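See structure below.
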Amino acid sequence: MDGAAAAAADAMFTVNNLWLLVATALVFVMHLGFACLELGLTRARNTVNILFKNIAIVSLGLLTYALVGFSLMYPGEEFAGAWFGFDGFGIGPDDGYEPIAYADGAYTYWSDFIFQGMFAATAATIVSGAVAERIKIESFLIFSLVFVAVVYPVVGMWHWGGGWLNTFGGGGDNAFHDFAGSTIVHSVGGWGALAGALVLGPRLGKYIRTAGGAWQSKALMGHSMPFAAVGMFLLWFGWFGFNGGSVLSADASGVSYVFVTTALAGAAGIAGAMVATWTIQAKPDLTMIMNGALAGLVGITAGADVIGVPQAVIVGAIAGVLVVLSVLLFDRLRVDDPVGAISVHLVCGVWGTLAVGLFAPGKSIVAQLAGIGATAALCLPAALVLFLGLKHTLGLRVSQADEMQGLDISEHGMEAYSGFQFFTTQ
Amino acid sequence: MKLVIAYIRPEKLTEVKQALLREDITKLSVTNALGCGAEKGIHENYRGSEVEVDLLKRARLEIAINDQYLDRCVDTIAEHAKTSESPDEQEQGDGKIFVLNIADCVRIGDGTRGAPAIG
Amino acid sequence: MKLVIAYIRPEKLTEVKQALLREDITKLSVTNALGCGAEKGIHENYRGSEVEVDLLKRARLEIAINDQYLDRCVDTIAEHAKTSESPDEQEQGDGKIFVLNIADCVRIGDGTRGAPAIG
Amino acid sequence: MKLVIAYIRPEKLTEVKQALLREDITKLSVTNALGCGAEKGIHENYRGSEVEVDLLKRARLEIAINDQYLDRCVDTIAEHAKTSESPDEQEQGDGKIFVLNIADCVRIGDGTRGAPAIG
Amino acid sequence: MDGAAAAAADAMFTVNNLWLLVATALVFVMHLGFACLELGLTRARNTVNILFKNIAIVSLGLLTYALVGFSLMYPGEEFAGAWFGFDGFGIGPDDGYEPIAYADGAYTYWSDFIFQGMFAATAATIVSGAVAERIKIESFLIFSLVFVAVVYPVVGMWHWGGGWLNTFGGGGDNAFHDFAGSTIVHSVGGWGALAGALVLGPRLGKYIRTAGGAWQSKALMGHSMPFAAVGMFLLWFGWFGFNGGSVLSADASGVSYVFVTTALAGAAGIAGAMVATWTIQAKPDLTMIMNGALAGLVGITAGADVIGVPQAVIVGAIAGVLVVLSVLLFDRLRVDDPVGAISVHLVCGVWGTLAVGLFAPGKSIVAQLAGIGATAALCLPAALVLFLGLKHTLGLRVSQADEMQGLDISEHGMEAYSGFQFFTTQ
Amino acid sequence: MDGAAAAAADAMFTVNNLWLLVATALVFVMHLGFACLELGLTRARNTVNILFKNIAIVSLGLLTYALVGFSLMYPGEEFAGAWFGFDGFGIGPDDGYEPIAYADGAYTYWSDFIFQGMFAATAATIVSGAVAERIKIESFLIFSLVFVAVVYPVVGMWHWGGGWLNTFGGGGDNAFHDFAGSTIVHSVGGWGALAGALVLGPRLGKYIRTAGGAWQSKALMGHSMPFAAVGMFLLWFGWFGFNGGSVLSADASGVSYVFVTTALAGAAGIAGAMVATWTIQAKPDLTMIMNGALAGLVGITAGADVIGVPQAVIVGAIAGVLVVLSVLLFDRLRVDDPVGAISVHLVCGVWGTLAVGLFAPGKSIVAQLAGIGATAALCLPAALVLFLGLKHTLGLRVSQADEMQGLDISEHGMEAYSGFQFFTTQ
């Protein structure tokens, strides 16, 4: 290769790598998005606790990913097609590391690590929303540590790390396809959320037995719609990096196409949820269209690169309807999920993964089902074991008195809105 | 000396205050309150669960007043806090007025005591 | 006619309200209050400085009631606002009830006065 | 038994509370209130429109007290809620104290009634 | 072209395209900015409604732009110099689409669509602020739908779509120049805002007749200055994409110059408004300097690429003064615009468009006036007709009781700050 | 150079320059981050004032940097090794300016200016937090004007402008090394913050003398933990531009490495602070882990390019512990710093600068000490003189009555949360 060709390759390498880094920063913002959404949809007296959890997760996520996660998720070629692999503790490129050669001129070793590391904490953050307002802070942190350090990377390895899902059915179109993680990220978190909600049980006062013996669901209203909306918008903003960055290069056609399907699916998710909430609930529920936007985004995440534009709109719209129905259904089942994390990330994560099989030409629905099933089979039991183990050792749930008083005072000895008057009875 | 406590609809506060002003009743205090009364709560709906809004927002007025102004004060509030003209519709949620006796009163600024300190 | 003012723990409000309802006492008003009483404040800690929370959050109930209901009302509140069964633990912070005389009462909606207007 | 209701400037609350404490009056309740009195409102200005702040922020104290402490209580509040020493400047906005009779009192924690329950 | 040259061209294509996509994400954040600014400057009891509107607009904007807007705005070369064109429903590149050839190596078809689509919803969002706290949600959504789907793209076509404004006076320097949309975006939204404010009339209690018969303007204070400020900062952040992306390539000199003029005009807008508010209102009004920043940014938008640096500061400073005077003037005229949308987007949009004629060497003031006038002539009547039509059919304004109670409860059956105490009388 | 080589160089130039611009936008967001953090950690009654200060600083910072700052900081090669230089008022490239030649194909003149200009205002913003809730708005603005226009650029010139710190000890590894400004930006602001806190004295009611004569520190709790957290996250988000952009090109290895050290140091800062606060304060203090994240980021800023990955984690973790101890210590010393600006920016800025000498192979601890000392020797006296001068002329502190009432009403005649009830006594 002559000088000009090398220079051109270097320029291409630089722009590819730059996009992965910009996408990393965008994914970072999603952590703020999750924090805002969760606090907005819960009660004021638990706000400090929610922020603490979400900030701690970023720290635990990045540090454990550096220590073991990256190495579990991308153990190297010798584990191709495997169920598990490990490349040793810590990070740092192999001997003879040449940046431009590392990923065929797409990004450096360091970009690879930091982009993947930002994704990692997401899985635990998803759980956070479903267990909010009643979990003990220490137990939650321990759960997150293990979930992010081990469970998430192992599942990730199956597909993105070159494991068995990647070679399923001989690979190629027969293999499992999950572009940016409807299953690998969102449903992993979603199964954890479901396990947490089941083991913890509903918040005090959420489901009341009426005189007639029937159960009634009480609204425990979120205390700040503005913060919830900030959360939703920032999550979407970050999703441009989450999906766009998953192209793993700045390829003009690839990234721009993913931007279009992502944005249209999000928009369609809002529209779908708007129709559903207006029809079912009589008055249009703001929190439902916010869930709808996220549902559309989760739904398109698996197939943003291979699904056609009209199909992306359909996938998003169905996700928007689905999330409304799912929130109402889980409420009927008395599974208390304050922010709708199970409906958004698990239900729509599964939907999005299936949608690839349904809408993307040539993709195999069998592989999609295999991926969904295997993820469920690992994550749900693992999360249940973790939560039950914590329940019987450290304890998982705060005392009734602490829950009534709010976790901000009981767990942190602080208030989120010092000086403001709000009715603590609500 | 009497203490008039009135619970009214918050949106009526400005009107009542201005009506009292026209009657030369200029001193009053207001707090936020939640009231549980005959009126049915507003129907709210959050994520599919019914919201039991049995505590409605009310403004609580407190007016200390000399006895000769009492009737004027009570009547003015009663008149302007009403929402409807037709007698059959106006019965619920418009509020209540309670009158209590005051034993003593002090104006902090100059130490005046008793009835002259009220106004 | 009496005015019952009760300071209770905010987390007890729902229970007390429902107990009153069962006694047919359906009308009441609630405000937020901060109370300074015998109970020691919650220990808070902000950036290393102790937070002197000597003013604890309390719900303030106001219930205007006819004399024959008074005892029932006071007893119901006293019973349900208590936090502990054991007599030695339950002494601090559960709150107070004060009873005042009401001289007059008006229902704004229809202008009814006196005892019939209370309920 | 008396109920002392005092409206004071919010920034004076800490001082008044501490002065009462020194007089062994330790139990009191505070609510936020907006007051309309002789004092002219603060001049506010929002996007070119005058803001009619005729309702000023006030702290509302409620202190139930036995008769023998009454004077001490009222005097202490009156003294410490004042903003100015010079008699001609201090007349407006410093607040009011009202005293009402209490018919009965209950300490919820242990069920004590009457005067002994006040403190 | 040999291999190295093709590789170099491809690298340049990739970086150009990447910038348009990053700019798209930045413009997306502006929707959050608009939502925060609007809710911060209005009363707490209408917050859910404002968020609902702003989220719904994003959805409607993107979906209708995909369906008809893009095709109306960029109908293709055969409509060069025309007043109207249409290229059929839906999106998708033409046959024989070659990404790098589509826009001379500047961006792909998909990037083109998504960048333009993000702009589109902005016009309706601007209207939202002026009609806040009193408009019926259904009527607003219908208005927005039509405004974004038809009115905005038609005006856009005149200039950016190669229409008559682009070839005005023979084209070149004689043509209309509106770099990133002082007229094409901001004043289009501004005319809609004016029409809405006029047809709806002021909020209850905003203008009171005193005993003497004179009108008095009452302050209906916004309930959250922090959110208003978050809105302003995020709008500015997004503006780097709005103006910077309008270079339509990553051209180093072009984009960096636009960043400088944009940032300095925004800074000067703050300074201008600060001097004006401190002088006129005695105390420095925070909401005015926030409007000042946006005024400066709107002002420079038309000429960010052609106006000199000192002139950019002047344009921004004048916009900052202008917006203060304009807010006070419209208040005198009893046109109730809760957030100052008319003053920021219409008045400063017009000012910025004129400023190109005044300050940019060689540009024609005649063309600028033609563009301003034609936009007014289409948008104001169109918006008036739409609003009046809705007024006489569905109804445009909520009932007095609903307005007093707040739109959150009456339109959505929800509260924005559940549990918090605020005086609903204000 | 043939066509292909020139095209490749041009592509590389474009991507390098683009990254500096994206980084500029990210650094811009830090101003919003500072504003949110400061308002969240102070009382509700001073919020309008805090927002006003932070918005005004952006304006003053950019305008004065254009007028004199840039020219003081980068006076040109003839001032190499000097203590002071000036290149004349205003901005604009020299004659014969060729964009690609300006910085060896890394960025244009305009990118250089705007990136540096965004940094400039930061120094004053840091001061803002320490003097919050009691300083007169006019005096603060005058202080900031001088500090940003003169003090900051002069120190910056010593190192980044090619001055004496850059050639210290003969240059190279013997010279002072401050990659992105632990000293040059953060400790400059930190010294100003210290001076301000000392001259102003503590807020009313912060330190109370007990009966026994001992001093007691009272908590004056911040009024919004959600906004404080938004601030922290946005600052971190911006830090990717602050540190990443300081590579001054999009160099794949350089930028990605800096992303990794920056993110891991921030994460370690949280972890360090979490351990410290949980140990010392019994309950985990949310505000401390937010300070911890920022402490880690400030700490790594000086050596993000030269410190190894495990060392970066250590630097961050120590910074996290340090900031907790420092906040507690300054509180003991009755230096009232509402947001912990001195601890975060000064203490950890110094720590980070020293850490380069300790951990980076070959770097000289002597040069690091020289840089720290010289910065202190200029900034602290300069800030003290400015503050004392203002104190004895315009007055520096609002009256006791105004402070009790809150600066929002007294300085601006406005409320931040109109209609909301909060206890103004707190």
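Letters A, B, C, D, E and F mark the chains as written, and numbering starts fresh at 1 in each.
To be clear about the criterion, a contact is a pair of C-beta atoms (placed from the backbone, for glycine too) under 8 Å apart; a residue touches a chain by one contact, two chains touch by 3 or more.
Quantities reported herein were computed from a predicted structural model and do not represent experimental measurements.
Enquirer: Give the fewest steps needed to get from subunit E to subunit F, where each step moves from one chain to a chain it touches.
Expert: When the steps are counted carefully, the minimum from subunit E to subunit F is 1.
Enquirer: How far is the middle of subunit B from the middle of subunit F, if each middle is the mean of its Cα atoms, in Å?
Expert: Chain centres of subunit B and subunit F, defined by C-alpha means, are spaced 52 Å apart.
Enquirer: Quick one: report the Å distance separating subunit A from subunit C, using the average Cα coordinate of each chain.
Expert: 45
Enquirer: Measuring centre to centre with CA averages, how many angstrom lie between subunit C and subunit D?
Expert: Using C-alpha averages as centres, the distance is 20 Å.
Enquirer: What whole-Å value do you get for the distance between subunit A and subunit F if each is reduced to the mean of its CA atoms?
Expert: Using C-alpha averages as centres, the distance is 33 Å.
Enquirer: In subunit C, which residues are in touch with two or more of the other chains?
Expert: Touching at least two other chains: 31-32, 34, 44-46, 51, 100-101.
Enquirer: Out of subunit E, which residues touch more than one other chain, so two or more?
Expert: Only 4-5, 7-8, 11-12, 15, 18, 22, 221-222, 224, 230, 282-283, 285, 287, 413-415, 420-424 qualify.
Enquirer: Report the complete set of touching chain pairs.
Expert: So, checking each combination of chains, I get A-B, A-C, A-E, A-F, B-C, B-D, B-E, C-D, C-F, D-E, D-F, E-F as the touching pairs.
Enquirer: Tell me, which parts of subunit D touch subunit E in their complex?
Expert: Interface residues on the subunit D side: 34, 44-52.
Enquirer: Using the touch definition from the top, list the residues of subunit D that touch subunit F in their complex.
Expert: 10-11, 13-14, 32, 42-46, 51, 57, 59
Enquirer: Over in the complex, which subunit F residues touch subunit E? Could you list them?
Expert: Interface residues on subunit F, with respect to subunit E: 3-5, 7-8, 10-15, 17-18, 20-22, 24-25, 28-29, 31-32, 35-36, 39, 47-48, 51-52, 54-56, 58-63, 66, 90-92, 99-100, 107-111, 113-114, 117-118, 137, 224, 227, 230, 411-421.
Enquirer: Spell out the part of subunit A that touches subunit C in their complex, as residue ranges.
Expert: 205, 404-405, 409, 413-415, 421-425
Enquirer: Which positions of subunit F touch subunit C when the two form their complex?
Expert: Against subunit C, the touching part of subunit F is residues 216-219, 221-222, 280-283, 285, 287-288, 327-328, 331, 340, 423.
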